[in-house]
Amino acid sequence: MENFTNNKRVLQEIYQIVALQENEGDIANYIPELAKVNPERFGVSFLSINNEEFGIGDWQTKFSIQSISKVLSLSLAYKIVGDKIWERVGVEPSGSAFNSLVQLETDNGIPRNPFINGGAMVICDVLISHLKNPINDFLDYVREISYCKDIYFSESVAKSEASAGYRNIALCNFIKSFGNIKNQPNEVLDFYFKMCSIEMSCQELTKTFLFLANSKFRTASGDIVLNLGQAKRINAIMQTCGFYDESGEFSFKVGLPGKSGVGGGIAALYPGKYCIAVWSPKLNKKGNSYRGMKFLELFTSETQLSIF
Amino acid sequence: MENFTNNKRVLQEIYQIVALQENEGDIANYIPELAKVNPERFGVSFLSINNEEFGIGDWQTKFSIQSISKVLSLSLAYKIVGDKIWERVGVEPSGSAFNSLVQLETDNGIPRNPFINGGAMVICDVLISHLKNPINDFLDYVREISYCKDIYFSESVAKSEASAGYRNIALCNFIKSFGNIKNQPNEVLDFYFKMCSIEMSCQELTKTFLFLANSKFRTASGDIVLNLGQAKRINAIMQTCGFYDESGEFSFKVGLPGKSGVGGGIAALYPGKYCIAVWSPKLNKKGNSYRGMKFLELFTSETQLSIF
Amino acid sequence: MENFTNNKRVLQEIYQIVALQENEGDIANYIPELAKVNPERFGVSFLSINNEEFGIGDWQTKFSIQSISKVLSLSLAYKIVGDKIWERVGVEPSGSAFNSLVQLETDNGIPRNPFINGGAMVICDVLISHLKNPINDFLDYVREISYCKDIYFSESVAKSEASAGYRNIALCNFIKSFGNIKNQPNEVLDFYFKMCSIEMSCQELTKTFLFLANSKFRTASGDIVLNLGQAKRINAIMQTCGFYDESGEFSFKVGLPGKSGVGGGIAALYPGKYCIAVWSPKLNKKGNSYRGMKFLELFTSETQLSIF
Amino acid sequence: MENFTNNKRVLQEIYQIVALQENEGDIANYIPELAKVNPERFGVSFLSINNEEFGIGDWQTKFSIQSISKVLSLSLAYKIVGDKIWERVGVEPSGSAFNSLVQLETDNGIPRNPFINGGAMVICDVLISHLKNPINDFLDYVREISYCKDIYFSESVAKSEASAGYRNIALCNFIKSFGNIKNQPNEVLDFYFKMCSIEMSCQELTKTFLFLANSKFRTASGDIVLNLGQAKRINAIMQTCGFYDESGEFSFKVGLPGKSGVGGGIAALYPGKYCIAVWSPKLNKKGNSYRGMKFLELFTSETQLSIF
């Protein structure tokens, strides 16, 4: 409780500091719909495993969570398929975007991890094979683990991504040519683009990620989502692969498992302690939220609440 | 104290379990001297930040620590040069060994992290530029932080590595061609091969790595080695890059910052809690100690002492 | 005339020799329709620029010319667009199939030459932009330059290729993502698969390629197809890029500009002298007709009719 | 004879045209000694297989032939070892400089062709294994085939290259690590740098390359150098691999087998007809003589003396 009071104070102070500094970077512009967002939006939400919650700024405004959703699809596929999933996707960082297609070639179509686009597509393919109404069943799963009913994807963003997604179409068909996509590429891409277009607020993100931070987490029906070992594994993958080319940098500066999206959101967590989500649309050169990275770096430095 | 008693029991049990299982893999054979080691050697050492120490098997037998020494050279270079060091070497995982030369090409001779061979050579180059008697001064530094006087490198192993090290010679000259090695490649390689030939026991390794686990660590002269932020950063790099192509796997299965060497040693640590070192010469396909990986996986699963 | 008598004799002799030797290699099996062809088919056609013609074996049986058609599409696009075409596709050999996607990445979507799949797709894209009824207009062009009316593509082969062509779909969308495909990838691929499914006999192939060997060639309407400089350029590209990974080997052993297809056909020519076409479905490891390569090597060695 | 008169006239005219145009590009500056050459030097030498000779400008001034020497070392190694040489070096174009190290990796240390640096080093290694006094014996061979006694290498250029040759040192050790260099890398590099530092005039170059153009060529002692098939093969490799990344472009624009060097020289030939050599030190972006390329393009266009 005392800690929470202190954390609240620190969150407020750092929010003020970052809000006053120049807001550098650019909004993702390759997805026309995303380019329409107000670049000055800035929100932070904090939720401890004891359900102490604190938010500031635009913490209750929904935005496109984009790649953050890949943690959720991974968790559902892992829950359904178990450790067999690692036969179709690796757990190693990918080095660099530049190499992704070469690596698929040398790795025979097995993406290096579930958070690079190719890996996320393989996970989507797994879900399509196991879910009756893939995108609806997936949304229901997210609603259940987050205790938030009001979760949808944006049709316009999904369409916008599909219309500009030639590189993703290339990637999906390339993996299919190795046999590591079982369904039709079009179906997989449709699910993938919709999943990436899910919209949540920072508050909803912290509630959604709580099951990875709190080993005692139960859904409303009393079920656990993943067992402790499984949650630990997903956290480990977020730690090493959650921030594209900047995963090492994030690990180095922030020291928390987390995942970013090109919508400007970041969700991170301290196992056994708390979840935190930040949203600010301008991205640094590596494609991660400029203010989000800055905020989290200052926060873990100040509170010493890093895992290292 | 109670914890320590429990940890001791777990260490003993797991040692017995792993020792009874088949000892798979192969000794590193590309360095003739290393191929002479008895493959059945197996030792474990545990040291808490409260100096509770426990060892089992060949925990006091010296072996070639090889790449584990890269953490030590990095720590000294970081201490001397500070954050400027990141201008010459990155902090991102490298993806795969396969790509190392291509990545140097696209990254203009900046190795992706200080633990891949090229990165360690740049660190050696930094040390040569700042130390009067590079290898001796470096050994003195290791003796000081470990409180162990009896630390040397093996001339025969260093020579053995140099004689077979065409690929490392290639790598060093390649980086030199980009201007990111300042001294003569021959000097850098000489230091590099000697540094990798340092010999320690598991016991000595845990004592040497304690400064990264214990924020209150002081040398005999009362000095701190690195400040808290610096130690945190090195731990983060070990977490993401410490096990070659298997860093994600290690992060995923063991969940501790650590570093392996082809001599069969692994040093790992839990920040704020303990150091642990394991030695068993047979290596898995990724070049990490087969029994070492197994032991640590069982240990963190059993004790829940992982950072995730 | 005397030469022709001699060439006829040599062609007959070499045909007998090659027909008696073991027929090694495998039929292309990734396109289901192609796998149905009788592997023992073997035909040769020779046509001098003085219209002296000689054929042997299955020289009048139609087969799927596959990539040989890329020379024809290039010639039409070059005729229409002129030297501007080299802004969108290079003239350098590609090194190896392995690198094709990496090279597209480093070359910003400009394929290295018009005969690798990506380059041929860019040429198809150019044709679609300039032809009213792309595939029909293209067939009319081929009929005109060959003086052969009976030229069609196989719907079943085109469908068979499309159904298994995930890698080509990937490639086309990848180039589109760089902006070097102007039309929709689906349209480009449709044209590409149909063009590759054109069927000709060896006899028709030599008649079709005559315009590249004979500087005085005219169509029925009295038009030239390409000017001398343009024909020389296409011949040069065939010389350096016509045989995938085996272009150097072909240049080295046969020494003629030529182009192969996975249907087992090869068309080659000696500028100012003759055209020659060979068909035998079994392919060597590099994807070129085993007997076709052998036949041409023996033929140019025996007649000294190589350009080197 | 009549032809020769015409060729002479064309050579003179084109020389005037090119000499009057702007002299673009840069002198090779990575080798300090080469940077000292007067950039306005410009010479051309022509020699028919009937020994009709014509020169213009600085055609009798010696310059550093650099990579042109790789054709000579290849011819000697091929003469000594025969077709076995192709087990250690390929005959395929390399695609691009960029990929050279990756290709060595995927090709297990077999360079793609004898004209890329790695391939030329393997050829040097072969020569060292077979010659008593490698560099002297090699110079004697060149003197014999050229009927020119006054052929030496420049010690200062060789030293200059060695001192800046980190990338070449890297390359040689990398190939050694695959076992495809048999002698010590230092010895191979010493021979390689000296061989590249041979100095010749345009006149001497045409005399030296005559044995590849004239199938009746004999040395003073009456010996043939290579048999017809061997000469044809070397010509074919020059055609596909002689101009680095610009081999396709050269084939396309000039249409002759040839080889360039960063000293600004180009030697080319028309089998059965003539040799031609051009020298102008300024290089285009691909590292080939700017004026040399221009001159040869105009010459073969004007005379129609291209092989295509």
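Here the chain labels run A, B, C and D in written order, and each chain numbers its own residues starting at 1.
Everything below uses one rule, namely that a contact is a pair of C-beta atoms (placed from the backbone, for glycine too) under 8 Å apart; a residue touches a chain by one contact, two chains touch by 3 or more.
Fair warning: this is a prediction, and the values are worked out from it, not measured in the lab.
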Revision key, fill the gap. Sorted by label, the chains bordering both chain C and chain D are none
Review point. Out of curiosity, which chains are bumping into both chain B and chain D?
Key: none
Study note, to complete from the structure: chain A to chain C, mean C-alpha position gap in Å, rounds to 48
Point to revise | Whole-Å gap between the CA centroids of chain B and chain C | key: 56
Point to revise | Between chain B and chain A, distance of the C-alpha-averaged centres to the nearest whole Å | key: 32
Study note, to complete from the structure: Note: chain D residues in touch with at least two other chains are 98, 102
Check your understanding: Hey, how would you classify the chain contact layout here, line, ring, star, complete or other?
Key -> ring
Review point. For the complex, which residues does chain D have touching chain C?
Key: 90-96, 98-99, 102-103, 106, 112-113, 228-229, 231-233, 235-237, 239-241, 245-249, 251-252, 255, 257, 271, 301, 304, 306-308
Study note, to complete from the structure: chain A partner, complex, touching residues on chain C are 98, 101-102, 105, 166-167, 169-174, 176-177, 185
